[in-house]
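One chain, chain A, links the two complexes that follow: it is found with chain B in the first and with chain C in the second.
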Partner chain A sequence: MDFPNALQIFISGANLGAIYTALGLGFFVIYSVTRLVNLAQGEFVMLGGMLTVSFYKMGIPLVPSITLAVIISGLAGAGLYRFIIYPARGYSRLTQLLLTVGFVFAIQGVALLIWGWDFRSLPAFFNTPCIQLWGATIFGQTPWVIGATLVMVIGLFFFFGRTIQGKALRACANEPLGARTMGVNIDRMALYSFIMAAGLGAVVGAMITPLTMTSYSMGWSLTIKGVLAAFVGGINRAEGVILGGVALGMMEAAAAGMVPGGYHNVIAPGILIVVLLLRPHGILAIPGRVE
Partner chain B sequence: MKTDSAVVKDAVTSKKVASDKLLLKVEDVSMRFGVLAVLKGVSFSVPKGNILVIIGPNGAGKSTLLKLISGLLSLQEGEIWFKQHRLSKIPPHRISSLGITQLFQDVQLFSSMSVIENVMVGCHLRTRAGFLSAGLKLPQAQADEQRILKRAMSKLSLVGLEQKAWDNPAGLSWGQQKLVGLARALATGSDLLLLDEPYSGLLADEIDKLNQLILQLQRQGMTILIVEHLTDVLMGIGNQVIVLDYGEKIAEGTPDEIQRNKRVIDAYLGSG
Partner chain C sequence: MNAFREISSKISAVKLQNRVIALFALVMMTIPLGIGPYPISAMVDVGLYSIVTIGIILLMGFAGQISIGHAAFFGIGAYTSAILTTHYQFSPWLALFLGAALSGGIAAAIGRAMFRLHGLMLAGITLALNLVFYHLVCSMIGLTGGAMGLINIPPLILGGFNFSRSFLTYYMVWIIAIVILGFSLNLADSQVGRTLRSMNTHAGGSENAAQVLGINVNSYKVQILVLSAVYASIAGSIYAHHARVVEPGTFFIPFSVMVVIMALLGGLRSPWGAFLGAGLMIGVREFLWEVMPVFVTGVTGAYELIAYGVILILALLFLPRGLISLFGRAFTKRRATV
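On to the complex of A and B.
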């Protein structure tokens, strides 16, 4: 393989890795607090993309459009927790997991009614042109996707590691009884985690829409990618989610560049299945803290 | 002005303690798990600044009683009053903000955090900054973090573990982990400290150190409720003792009275 092709694979992998990392972080935030895998996470990405497109087409500038999309998606996240997960808080994790699947179909139905079947797109942010680098092409949107992911990663590390509110959120998942006797309102913390994860998902949706376009049904495939990224790296550690996301993105890009036909689509998940068989809790997971 | 021992005597015997001197009042509390009656009509009062020791054999209902007071279990029958608040009417997470905190038998430290972070979570109720200001690192949130760090460090210093502040609790001895749990509980600023079998697994010198700390906290005005089965350790520090047996309160009094109580000797002390 010549250098430009290798570089192109690396750039595409970095772009995909950033997207999958950002997706996985949504799972990490909710799991860190509630130990629940929210299978509706991809729907917040879809909502973020669709809402941003809608507001932008109404003539609202891009940044306020994204902000509004994040706020509305955050409210949808709050609704998912308050009206679906919270009433079922005493039920098993499996029941709660299935409820998030139910939410997927509900939100897809509403999106279909509002936006129809069509794929929608946004122009690349601020008309950033494609960049040629040593024979490889970098799409104008790619730096935005990677940059937004970096900001999310740094922000989450700061929030969970350096703020008392972040520590209280982590305490809920670590020792719920201990957290409660310290006065931490576990239900409220869970609500915040859903709002945060939905907001993060919406940012991802807005960022990737110029690259991938968006439609009412795009959420589920993104959920699968996010779950893979989170579980391969280790859903209970942000470092694990980053590793899983980047590894998944790089493998997908490499497979697409080297394997003919549609076979590349099965290589990355195949390798990931092998990883999970060898380390069921993920590469960097902290033992005993993944249920 | 009444002395502490006079207040205790009133609480224990004549029940004439003025309501403003009472911190906790447990009224006719019963609890069932299925067909098993774990507590049967238990009542007692704890004046402010007291150390109440609840003893009894395994299965006597001691830990259940603590969990009812801290709100980890919901009351089925009876009522618990804390500073004129009916605890049955208060959501569990708010009970801590009223001033009740608990140290669990198995401590339940947050293993993904350092020692100091554990204690900082105990200060959670004292934060003024909300989620947004914390996330955006606004000046108020930064000042809040610094204040909480200082407070957490002072509690660690109180239990003698400031040198271990940045260690992971998993690397500490069991006795040190208990002290971290105690520091975390103290960081809440509560008036009532519930200790569930705090001496279990401790070495003799660690038991002495814990006793000294408990007495120091009492001198600072804290009310402490200890559940334990090591009676010889407790008779030295408790100024009010309750004995439970099969969910029933069979005796209440000062340590001396309890040691002379024939029913207690027959049911519990004599059996050891």
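On to the complex of A and C.
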């Protein structure tokens, strides 16, 4: 394989890896606080993308559009926790998981009502043109996707590792009883985690819309991508989600460049199967902290 | 004397159960005489979903293992039937059995490795298996027709009856569903069912304790997985011959999640729950699609989706142990024998 081709594959792998990582982080945030896998995560991404497009088309500049989308998605996340998950806090995890599926149907219905069946798109952020680099082409949006993911990753590391609020959030999942005796309000923390995950999801939605377009029904496929990234690396560690996301993105891009037909789609779930059989909690997960 | 009383009460419980099954069969066989073709086709859906859901209930409620990948087994049945009957002119019935054998074989092959995982991670690997199946079906265009699917699948034929007419399909689906129900209820009451409950942590059992007693826990789990895969595959084959077309979107994650929802909403304690769960979800769907356009005009599908989601949420919130918990002894009496 010649150099420009390899570089092209590497760039699309980095792009795909950033998207996988960003999607997976939403699962990590909720899981690390509540031990719940939120199957509505993809719907927040859809909501973020749709809202950003709508506000942008109204003539509002890009950054305020995204901010508004993040706020509205955050409210949707708060609603999901407060009115659906919180009343079921004593129920089995499976029931809670399926409750998020109920929310998926409802939010898809709302989106269909507001936006209809059409696919919507955005230009690359700030109309960044395509970049030619040593014979490879970089789409204008790609640097923004990778940059936004990096900012999210650094922000999350700082928040969970360095701030007292972040540590309180993590404590809820690791030692619920201990956290409570230290005066941490677990339900409040769970609420924050849903708002955070929904907000992160909305940012992801805005940043991938110029690349993939968005429609009311795209949430499922994004949820599945995020779950794959989070499970491969280990859902209870941010490092795990990053490793999983980047590995899946790179492998899928390489396969897409080399394997004909649609077979490259088998790579990501195939990797998950192999990883889980060898390391039952994901590559980097801390065993005993995944249920 | 005490033991005698215990045995006789058990026999009468079994008799009661058989009577309930017979009554249920009688009711289901008379229903088509009174209603039109449209509800009949919805009832065919209920029957097909129930067959898959019975397998899920055995797997989740009795063996205590989760799967978000049974759409793949449903799909293996459907595609085996579709491919063998359209490409190679096999008899539909032979194709149905071959599909079930293939599904069971695959389940047996992957089961042992798969059940090293528990809970969430088991859900994850079954989800991944479903994705692999879906993308393979989409990619192997020569065999499966890819995203376009396969068309012109012949209907099932039995003794000159052509099962493409929905009344005959109805009878075939429901007779098979009731046979599977009877088999599953007996299995749940047998030594196998008691063993499964003894190792199911969700039903108050303990895997470690069962293992100490010399029970090969993994082998039991794999056997139930194989059984549920065979059920799903049979339903898939019937579906292919009923719909006459198959396309990959049917066999994706939403189907796998839906049968888990049906199992939970119906109740995991008894195979009867499958009919309640499938009946509720399909019933609500048909009702909304039929009734909502009368009240609200606008974007088609949106209000239905919202109402569907809200009903699902309310049902899960207020009936966490399933519809079966509303019924009496006849359905849940096997609790007492644990």
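Note that the second predicted complex is superposed on the first by the 291 of 291 C-alpha atoms of A that agree within 3 Å, B and C clash if a C-alpha of one lies under 4 Å from a C-alpha of the other, contacts with A are read in each partner's own complex, and residues count from 1 in each chain.
Quick note on the criterion: a residue touches a chain if its C-beta (ideal position, glycine included) is under 8 Å from a C-beta of that chain, and two chains touch if they have at least 3 such contacts.
Just so we're clear, the structure is a prediction, and the values are computed from it rather than from any experiment.
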Which superposed partner A:170 touches (first chain B, second chain C, both, neither): first
Partner chain in contact with A:180 - chain B first, chain C second, else both or neither: first
Chain A: partner with more touched residues, chain B or chain C: C
Partner chain in contact with A:192 - chain B first, chain C second, else both or neither: first
Partner chain(s) touched by A:116 [first = chain B, second = chain C, both, neither]: second
Chain B versus chain C as contact partner of A:158, first or second or both or neither: first
Which superposed partner A:82 touches (first chain B, second chain C, both, neither): neither
Intersection of the chain A residues that touch chain B with those that touch chain C: none
Chain A-facing residues of chain C, complex: 66, 113, 116-117, 119-121, 123-125, 127-129, 131-132, 135-136, 138-139, 141, 146, 202, 253-254, 257, 260-261, 264, 298-299, 301-310, 312-313, 316-317, 320
Contact set on chain A toward chain B in their complex: 155, 158-159, 162-168, 170-171, 174-175, 177-188, 192, 286, 289
Touching residues on chain A, where the partner in the complex is chain C: 37, 39, 84, 87-88, 91-95, 98-99, 101-110, 112-113, 116, 220, 224, 227-228, 231, 235, 261-263, 265-266, 268-270, 272-273, 276-277, 280-282, 290-291
Complex contacts: residues of chain B adjacent to chain A: 70-72, 92-94, 96-97, 101-102, 104, 107-113, 117, 120-125, 127, 129-131, 134-135, 137, 141, 144-145, 148, 184-185, 188
